[in-house]
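In the two assemblies presented below, chain A is common to both, partnered first by chain B and then by chain C.
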Partner chain A sequence: MTDLDYLKMSKWARLAHSFVGFFASIPSKCRDGFKKLGLWFVRLFRSIADNLVDLVDTFVKGDWKTRLSYLVMGFGSFARGQWGRGLLFFLFQTVFNLYMVNFGVAYLGKLNTLGTLETYREGRRTIYGDNSFFILLYGVLTLFFVLAFIYTWRANIRQNKVSQQILDSGKKLKSTKDDLKSLADEQFHKTLLALPTLGVLVFTVLPIIFMILVAFTNFDATHQPPSKLFTWVGWDNFRQLLSSDSASYGDTFKQVLFWTLLWAFFATFLNYFLGMMVAIMINKKGIKLKKMWRTILVMTIAIPQFVSLLYVSKMFAQDGLINTYLMKWGWIASPIPFWTDAGWARFTIILINLWIGIPYLMLIATGILMNIPADLYESARIDGANAFQMYRKITLPYMLFVTGPYLLTSFTGNINNFNVIFLLTGGKPLSLELSGNAGYTDLLITWLYKMTVNDTNYKLAAVMGILVFVVTAVINLLVYNLIPSVKNEEDFQ
Partner chain B sequence: MSNNKQIPEVDIVVDEKAGVIREIKPEQKLRSKSGHEKRVNVGIYTILTLMAIIWLAPFVFLVFQSFRSYLTENGGMVNYLLPKTWSLDNYIWLFTDEKSLFLRWYLNTLIIALFNAVLQTVIVLSVAYALSRLRFKGRKLIMNAVLVLGLFPGFLTMITLYFLLKQLGLTQNGAIPGLILIYCASSGMGYYISKGFFDTIPKSLDESARIDGATRFQVFMKIIMPLAKPIVIYTILMAFMAPWGDFVFASYVAFGTTTNYNVAVGLYQWVNVADYQGFFTRFCAGGVLVAVPITALFLALQKYYVEGVTGGAVKG
Partner chain C sequence: MKKLVALLLAAMLLMSCAAFASAEGGFSGEVKIWVAENTVEFTQQAVEDFKAANPQYAGMTVKVEPVGEGDAASKMITDVEGGADIFGFAQDQLARLVAAGALLEVEEMNAIQVSLENDAGAVGAVTMGETMYAYPMTSDNGYFLYYDKEIVKDPSTLEAVLADCEAAGKSFYMEINSGWYQTAFFFGAGCTLTYDSDDSGALVKCNTDYASENGVKALKAMINVAKSPAFVNGSSVSNATNAAAVVSGTWDAGAAQELFGENYAACKLPTVDGFQLGGFGGFKMLGVKPQTDDAKIEACDALASYLTSGDVQLARFNAVGWGPSNLTAQQNEAVQANVALAALADQLQYCMPQGQYPGEYWSLATGLGDDILADKYDELDDAALLEVLNTFQTTAISYVN
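Right, the complex of A and B next:
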């Protein structure tokens, strides 16, 4: 297809074209990906080889200070007067050695079985055996540590090489004072990022890797440390969650995934369009008390959700205010099953979510609407466009153009929108047709929560977490591949 | 569209004082349509009023019910809205009854929120500044890694975090420092909005200061920070408000030790776990006491919130 054909198509045809194009390009993209991965490996091996050569080279050409640094990290720096760097290297090595001797080696050794010594009782005493949980957790931590050590050790050698070269060329080395000073200047990013990075590594990266590994074990209610061991089971958990024979969760998973996507779609787009409408109404010329309307709506953002949503969920309960008043006024004969009927519950959740979501969108849209050049509307009005035409041709394209990325993050956010579901229904109504304690309003994320907290079925929770990641990643990739093509052609005429 | 295009009539008046010929702007021309305009406005006012009622009703109801005595009427859910007699019994119970831990919970949450506001702001602004205005090796790598990590659902790692905290002795009786640690540790990943703000400050400011001999640290503290007041306030506000609403992780970490609950966990169990028929009005009263200061703070700083949110949305 030539560019000319493409330009002839309508906007929707173009979107459909890029949609199809995206899926059609998956095989070739995969091929490219593998090729890139292959190249990456080649480069990795080459760089390892280079590093090894350089290590030998440095050792051969190095003086005794450098050579001793291969064993005692930081010795070279010390000997050349950079005691600050030397001390850091040396401390790191000491901590690492102590850790490895006392814990690390033992945990690493058991990582392949996750422990073999069972806990047993001898009369009244409980003799604790291996704890699979800690073996896995500290095993991963130790691997982190080893990688960090290799990196630091390499840096220590390189440091010696560079220092030697600088001294050979007759220049002076940086003193510790200079090093400290540079932390506020050239190396300022290290000062800023050191703590946050450490925090993320320990409290985000480590737990995520740990849980990804748990997905391949049988860690659940019947295999709970410290009394029981758990071990590697390969892809079994994925099979259990995805295949649809009677002992598996496949059908329930499909059902929950369907509702998750449906919910995310409605929660994102209904809020988006209605919020925009409200913003347009409030911003219209001639409407007074703009600030008051905005403030009233914003109340739902300000008040903590556990107060407002819990209260609203009680309002819609079988014996709640809504039902009792509707019955008092004689509008209905029996209470509406807001939370007990699957269809009603889903509808009510989406409805109440508008109450939370519209104000947010209203704020965003207000900011953007003010930025639309007024002369666009002026000329449209002169051309005789009515309000709806102006909305469709000017406001909407402009909004979509500017808030495209926001829509995407909001969609992913809604897939993981725990609060609204958990506080309103807790996933209910439950059903015998669904397995794994899932209810008809459960999202993947609330189901994951239930599996963790109620059923302590950690292995399936871990698999679920990975699948949520896959779903959001696919959607993100899809949209990133679609949006630019829409964006480039957008012109507000 | 081209067929029914109206050709605007152009009225020309001569403004004698100014001595120029002036065209009447289309806006002024539209006044002839004021009847239509008025009807539209009336419609909008009706919709807005209806919305205002729907938006405020639950909060008003909440306040009403908090004034219904659990002693003389009913502490559970009833089928009427206005209390028969207005009383402060629920509030008095919250503050004076031996069994009520409300004050303790409130204090716990306040401590967490204050620490969180300070530490998280420092962390978020540091990360945002470094990624926005400094160029160094690994910058892109960090940003991509954060993007990928952000796609994992937060609750996935809950048990791991719990056991990590337990190893440090920061669960149950140590729940409060434990929660502060968890909230702050990963907060660096939420740098997007602040980075978007820093990106808009002209680079030439840094450069001229650097030429004058300022270090990067000085540029950060003396040049950028004073300009970043809106985003600082936004970050503090968000960091302060978040702990008030967290009950999932807070209940997991403080499990079983009621004195270390935060206010959300405590009130949540009143409604859902304990016999809520007796505690419903007390929940309402507690909810009001949490909501009022938070809402007041939020509304006072609304301007900064709007700036942060719209900035963040536009830049993605």
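Right, the complex of A and C next:
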């Protein structure tokens, strides 16, 4: 298809075209992905081989200082007068050795079974055995440490090689003073990033890896450290969550996933369009008391959701304010099952979410609407466009362009919108047709919460966490390629 | 790492304490107790009395912290080492705690004493298999009917209660989507649902006949009750609006008295469709967590045993109104004169002592209740209802592994 063909199509046809294009490109993209992965592995192995060759080479060509550095890290640097580097290398090695001897080896050795020594009683005294939780956590930490050690050891060897080359060429080596100076100058990025990187590794990457690994264990209510052991079970948990035989959660999972996506869609787009509409209405010339309207709407933001949502959930109860008054006025004969009927509960949640979501959108939209050049509207008016045409051709494209990324993040945010669901219904109503304590208004994330807190079912919760990531990642990638801010970057510049 | 170091330090500290304590034959370390918020003050006083009566424990530091019975079990299971040494919980949590290894079995002599002094239901409730895992503290976790005697003239049948409520435009509250209140119908109609457990806390067998004629009778009664315009699903008296009758337990006695004022009354549950509503007789208990130090075990055993003894149970009743499980304390005049406790005692004869249930049972029952509330079964005939109960029963049995 030529560009001309594409430009001839209507807006919707273009959207459909890129939609189809995206899915059509999945197989080739996958193929590319696999190819890249394969190449990456090839490069990895090649670089490992290169490194090994270089290690041998350095050893053969190196002097005795270099050779001794293979055993005692930092020795070469020390012997060549770079005592600062030498000290750091040596310290690192000492800490590593001490750690490995005292803890590391024990944890690493048990990592394949996650502990075999059971907790037992001696008389009435409890003798705790292996703690699978710590074995897994410190085992992973130790693996990290080992990788870091290998990397540092390699750096230490390379250091020797480079130093030798510099000395051979007759130049002088950097002194410790120079090193320290460079840390505040050309190496300043390392100084700044050292602490954050370490923090990210320990507090973000390590827990994520730990959680992913838990998905492959039987860590649940009956395998609770320190009294009980847990161990590896492979893909069993994934099977239990996804397959649909009677003991599994497959059907429930589908149901919950369906509602999660439905909810995210409505919560995002209804709020978006209605919020924009409210903003347009308030912005309109001739509307009086603009500030008052805005203040009234913003009040809902000022009250903590904790308070307002719990209160509103009571209001909609069978014996709550709404039902009582509707019945008193004779509008309904029996209470509306706002929270007991699955359909009603879902509808009510979306409705109440509008009430707390519209003010935010109104604020955002107000700012953007004021930014749209007035001459666009003026020329449109001269051309005889009506209000709806102006909205469709000027306001909406502009809004979508600016807020496209916001829409995407708010969609993702709504998939994980714990507060609204949990405070309003807690996932209820439950049903015999659903399993695993899930209800009709449960999102994946609230179901995950119930699994961890109520049922101590960490293994399935971990699987769910992984699946939530997969769902959001797929949707994000898909939508990201479709939003105008990415596709037509120059439109409004 | 930090945790490990802290652990090592704590272990060393404990060992030194143990060495010091065993020399004296007492214990002088720290003991942490978790009890419900409204009994913290009472428990602190009781601990002081205990120390005064047992000089060998005078040096012991006891920290009493408010942790609700609902939360205590979850918190203990998440972190046994950081949890309290002695903690109060409701019995629906026992199976979970034992399965997670968060309870130390009751010392043999204490166990004998407990089984002699407390009512049979309470003793059954703290026992799994042949092993006793906790000390019964109350025998008042049951439910019965609070009502406004001005409006509800005849609390003997549910049909009459509902008719009175409807006529007055008032509501009847019962939380039929709770696995706890739901048994009033099923057990009342003659069904059973119990689980057998072994000593390690694992459930080994499910005994149930919900999928039967009686089960259908109970389910139909629930569906009919839910159809009444006066019916509201709920059990908290203080959250009830416009209530004339509420099915709840002794903890709501104060709130009910306030709500109904002069017309406050309580009695056993009514009959429905000709059968008497039954239910669970429930219990609160104190547990001791597994310990690594013999002297501390002894101290915890003695303290837990003291805190659940007859005299303390009676004192607790006088302080916060918790009904005792101790047989002697139950005969006390003040206990017998309490309106709510009298109603409960009357109801308990139709109840089954609550044994051990898997955590999943409660959400399964909520599922059944929610389906009733969502009117899913309104149009079903007996055969279809039996099918529903069959699903329920199969699922309930599947929790046994």
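Going forward, the second predicted complex is superposed on the first by the 429 of 493 C-alpha atoms of A that agree within 3 Å, B and C clash if a C-alpha of one lies under 4 Å from a C-alpha of the other, contacts with A are read in each partner's own complex, and residues count from 1 in each chain.
By our rule, a residue touches a chain if its C-beta (ideal position, glycine included) is under 8 Å from a C-beta of that chain, and two chains touch if they have at least 3 such contacts.
What you see is a predicted model; the values in this text were computed from it and never measured.
Engineer: With the two complexes superposed on chain A, say which partner A:282 touches: chain B (first), chain C (second), both, or neither.
Structural biologist: Only chain B; A:282 stays clear of chain C.
Engineer: Looking at the overlay, does A:324 come into contact with chain B only (first), chain C only (second), both, or neither?
Structural biologist: Both chain B and chain C are touched by A:324.
Engineer: Going by the contact rule stated at the top, is it chain B or chain C that touches a larger number of residues on chain A?
Structural biologist: B
Engineer: Based on the superposed arrangement, let me know which partner A:305 touches: chain B (first), chain C (second), both, or neither?
Structural biologist: Only chain B; A:305 stays clear of chain C.
Engineer: Which partner chains sit in contact with A:453 here, chain B, chain C, both or neither? Use first/second/both/neither.
Structural biologist: After superposition on chain A, A:453 lies in contact with both partners, chain B and chain C.
Engineer: Let me test your reading of the model: by the given contact rule, A:7 touches which partner, first (chain B), second (chain C), both or neither?
Structural biologist: neither
Engineer: Quick one: classify A:224 as touching chain B (first), chain C (second), both or neither.
Structural biologist: A:224: touches chain C, not chain B.
Engineer: I'd like to know which partner A:205 touches here: chain B for first, chain C for second, both or neither.
Structural biologist: After superposing on A, A:205 lies in contact with chain B but is clear of chain C.
Engineer: If we overlay the two complexes on their shared chain A, which of chain B and chain C does A:119 touch? Say first, second, both or neither.
Structural biologist: Touch status of A:119: second partner only.
Engineer: Once chain A of both complexes is superposed, is A:429 in touch with chain B (first), chain C (second), both, or neither?
Structural biologist: Once the two structures are laid over each other on A, A:429 reaches chain C alone.
Engineer: With the touch criterion stated at the top, can you tell me which chain A residues are shared between the chain B interface and the chain C interface?
Structural biologist: 314, 317, 319-320, 324, 453
Engineer: Applying the document's contact rule, which stretches of chain C touch chain A when the two form their complex?
Structural biologist: 4, 74, 77-78, 80-81, 96, 99-102, 104-105, 107, 171, 177, 202, 229, 232-234, 239-242, 290-294, 297, 359-360, 363-364, 366-371, 373-376, 388, 391-392, 394-395, 398
Engineer: Write out the stretch or stretches of chain B touching chain A in their complex.
Structural biologist: Those residues of chain B that touch chain A are 4-6, 8, 26, 30, 37, 41, 44-45, 47-48, 51-52, 54-56, 58-59, 61-62, 77, 79-81, 123, 126-127, 129-130, 134, 136, 139, 142, 146, 148-149, 151-161, 163-164, 181-182, 184-189, 215-218, 220, 241, 244-245, 247-248, 252, 264, 267-268, 271-272, 280, 283-284, 287, 290-291, 294-295, 298-299, 302, 305-306, 309-310, 312-316.
Engineer: Contact residues on chain A for chain B in the complex?
Structural biologist: 133, 137, 181, 184-186, 188-189, 191-193, 195-197, 199-200, 202-208, 210-211, 278, 281-282, 284, 286-287, 293, 295-308, 310-312, 314-315, 317, 319-321, 324-325, 328, 355, 359-360, 363-364, 366-368, 378, 381-384, 402-406, 408-409, 412, 416, 418-419, 422, 444-445, 448-449, 452-453, 458, 461-462, 465, 468-469, 472-473, 476
Engineer: Give the list of chain A residues in touch with chain C in this complex.
Structural biologist: Touching chain C from chain A are residues 103, 119, 121, 123-128, 134, 221-222, 224, 226-228, 246-247, 314, 317-320, 324, 334, 337, 340-342, 428-435, 437, 439, 453-456.
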